[in-house]
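Each of the next two complexes has chain A plus one other chain: chain B in the first, chain C in the second.
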Partner chain A sequence: MIELYVLLGLMIAGAIIAIEVKNLLSAVVAVGIVGLGLSIIFLLLKAPDVALTQIVVEIAAVILLIRATLHRDIALKPCGSRPFGGFLAILFLGLAVLAGALTFSGGLNPFGSPLMTVSEFYPMNAVAGTGAVNVVSSVILDYRAYDTLGEATVLFTAVVGVLTVMRSKGKKKEEDLQGNNE
Partner chain B sequence: MSKEHEHGMSVIVKTVTRLTVGLIFLYGMYIVLHGHITPGGGFAGGVIIALSFINLDLAFGGKVSGKVFSKGGTSLVEALGAVMFLALALMGLQYGGFFDNFLHPDGEPGDLVSAGIIPLENIAISLKVGAGLFGIFLTLIVLQKFESEKKQ
Partner chain C sequence: MNAYMPYILCLILFCIGIYAVLSKRNIIKIILGVVIAEYAVNLFLILVAYKTGGRAAIFSATENIPPQSMVDPLPHALVLTSIVIGLATTAFMIALAIRLYGKYGTFDITRMRELRG
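So, the complex of A and B:
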C-alpha cells in the first residue's frame, strides 16, 4: 500500500508544479505526470481496463496539448484579486468537510474493499448471462449499455463542437473583417 | 512553426516510425477485437488506432496521413460508428428490448466469436472514438498549421 501513497504524493506534486511553473512545456509535462501516475494507481488497484484507457487517453491528451500550445503566444495575465476570495474558499471547503463528516460518520469500508450490494450480481452471473469472459466489457456493453450510449453521445457532441468552432468554411476572412473596420 | 515540423522529423524518427507504426495499429486492432476476453475494449483500442495515425502525422509532417484520411473522412467514419452502435441497440428491440443481446447463444465463453453483440459494439465504439480523436487532432493542429503557413 506504501507505493500507492508515494504515487499520490508524486501526482499532487505534479499538479502543483503544473499550476505554478511559468513555462508551458513544463506545465504540460507535469500534467502528464498526474495522468500516468493515475494509470499506475489503477493498475495497482487491479483495474487493468481503466488503466489501459487512462494511459492511452493521457498520451493523446499530452500530444494534443504540446502541439496545440507550444509555439503559440499565450500571454500569462495575472488575474485580478477578488474581495473575500480567501474567505469564500475557506467557507466552501469547510462546508464540504462538514458534509463529508456528517455523511461518513457511520464509518467507511476499508480502502480497496468497497460496498458490494448491487454489483455483486455481475461477477456471479456475467459469464453465463452474456458469454463475455471480460466482466467489465459485459457490464459496460450489455448490463449498462445506456451508460456507454451516453458516453458516446458526449464524445460525439465534443467532436461536433470542435469541428464547428474550428471550421474554415463559412468563416469571414481576416481581410474582409479589416475592410469592414476601415 | 519551424521548418522541420512541416517536413517531419529526422531520418531516425522516420525509420523507427515506419517500423513500429504498423505494430501499434495491429495492437489497437487486437485490443478492440479481444475486448470481451481481455482487458481493453472499443474505447482504448480506438484511441490506440488514432494514436498510430497521429504518430504518422508527427513523424512525417502533416500532409502524409491527410492523403489517407481527410477531415471529411474522419467525420464520415465517426458518424458511421455512432449509427452502427445505435443500430445494434435498435435491432435488440425486435428480440426483447433496447440493447438486447440477441446473438448471445452463438459461441463458447472465451472464444473470439462469443458474447453476442458485445464485440460488434466494441468495433462500433472503436470506429467512433478513433475517428473522432483523429478528427480533433487534424482540426486543432494540422489545419491550424496550414493556416499559419498561409499567413506567412
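So, the complex of A and C:
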C-alpha cells in the first residue's frame, strides 16, 4: 500500500500549501489537489462509487470557490492570523491529538481488518433481498433509503438558503418603496 | 504502530484543517479549513472500512465473488451521503462569504466590526 502513503503525503502537502499560501486562487487550486488525491485514494481503497461522487463534488466545490475569489482584486491581499488564534489552535490541536491517541490505543481495529459485526448482513443478503448487485447502492437506495431522503432534504434546504442569501432584489424593492414614501 | 499509520496521517490532515479554522483571519481560508477537515473525516471512515486484499462490494454475473472477501459497504454508503451534504454546506458558506464581502468590502473577519460579540 505504498501508493496510499504517497497520496496521503501529497494531500497533506497540498493542505499545508492551501492554508499558508498568500494568493487565494492558488489556495483554492491546492484544495483541488487535496480533493482529487482523496478521490484516487477512494479508488485504491475499493470504493468506486465514493470516488466518482468525490470527483464530481470536488470539481463543483472548486468552481464555487473560484467564483468567490476570482474577478476581485482581493486575491493578492495578505491574510494574517487572528489574535489568540495561535493559543486556540494549540489547545484544540492538543485535544484532537489526545482523542486520536485514545482512539488508536482503545477500540479501533488495525488498518485492513474492519469490524464487520453489523455490516456483514448487507453483502450476505443484498442480492436476495433487493436484487441489486452493487451492495452500496442497495444500502443507500433500499436498506437506508430514508437516509437518502434526508440527504435530499438537506440539499434542498441548502439550495434555498443560498438563493435567499444571494438574492438582492427584495432589498432594492424595499429601498424603492422607502424612496417613494419620502 | 505501523498498522495505524494511515489513521495517523488522516489525523494530521484533520489537524491542518482545524488549525486553519482557528487561526486564520481570511474567511476563504476558514472555509478551506472546514473543507479539508471534512475530507479527512470522510477519508477516515473509508479507511476504517478497508479490508486487506478485499474487493469492491459489487457482485458479478460471470465471476463468483464470496461476500466475505468484500470491503465493508456500510461506511461507503454513509460517506456518499456525507460528501454531498458537505458540498451543500460549502456552497452555503461561500454564499455567506460573498454577501459579507459585498457588505464590508473585505474577507478579513477582524474588520467586520458589527459582528463583534
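Assume the second predicted complex is superposed on the first by the 135 of 182 C-alpha atoms of A that agree within 3 Å, B and C clash if a C-alpha of one lies under 4 Å from a C-alpha of the other, contacts with A are read in each partner's own complex, and residues count from 1 in each chain.
We take it that contacts are C-beta pairs under 8 Å (C-beta built on N, C-alpha and C of every residue); 3 or more make two chains touch, one makes a residue touch a chain.
Small disclaimer: the values here were computed from a predicted structure and weren't measured.
When both complexes are overlaid on chain A, the residue A:166 reaches chain B and chain C alike. Touched residues of chain A were counted for both chain B and chain C, and C has more of them.
In the superposition on chain A, A:86 contacts chain C only, with no contact to chain B. Once chain A of one complex is fitted onto chain A of the other, the partner contacts of A:118 are limited to chain C, with no touch recorded for chain B.
By the touch criterion stated above, A:18 is placed in contact with chain C alone, chain B being left untouched. Once chain A of one complex is fitted onto chain A of the other, the partner contacts of A:131 are limited to chain B, with no touch recorded for chain C. In the overlay built on the shared chain, the residue A:57 is in contact with chain B and with chain C. Applying the stated contact rule after C-alpha superposition, one finds that A:45 touches chain C and leaves chain B untouched.
Within the superposed three-chain model, A:8 lies in touch with chain C and out of touch with chain B [touch as defined at top].
Counting contacts as defined above, chain A residues 48-49, 53, 57, 60, 64, 67-68, 127, 133-134, 136, 140, 148, 155, 158-159, 162, 166 meet chain B in one complex and chain C in the other.
Those residues of chain B lying in contact with chain A across their complex are 1-2, 31, 35-41, 43-44, 47-48, 50-51, 54, 58, 71, 75, 78, 82, 85-86, 89, 98-99, 101, 104, 107-110, 114-118, 121-122, 125, 128-129, 132-133, 135-137, 139-141, 143-144, 147. Residues 48-49, 51-53, 56-57, 59-60, 63-64, 67-68, 71, 127, 130-134, 136-138, 140-142, 145-146, 148-149, 152, 155-156, 158-159, 162-163, 166, 168 of chain A are the ones touching chain B in the complex. Listing the residues of chain C that touch chain A in their complex gives 3-20, 22-26, 28-29, 31-33, 35-36, 39, 42-43, 46-52, 54-61, 67-68, 70-81, 83-92, 94-99, 101, 106-110.
Listed in rising order, the residues of chain A touching chain C in the complex are 1, 4-5, 8-9, 11-12, 15-16, 18-19, 24, 27-28, 31, 34-35, 38, 41-42, 45-50, 53-54, 57, 60-61, 64-65, 67-69, 72, 74, 77, 79-83, 85-86, 88-89, 92-93, 96-97, 100, 104, 108-114, 116, 118-120, 122-124, 126-127, 133-136, 139-140, 144, 147-148, 151, 154-155, 157-159, 161-162, 165-166.
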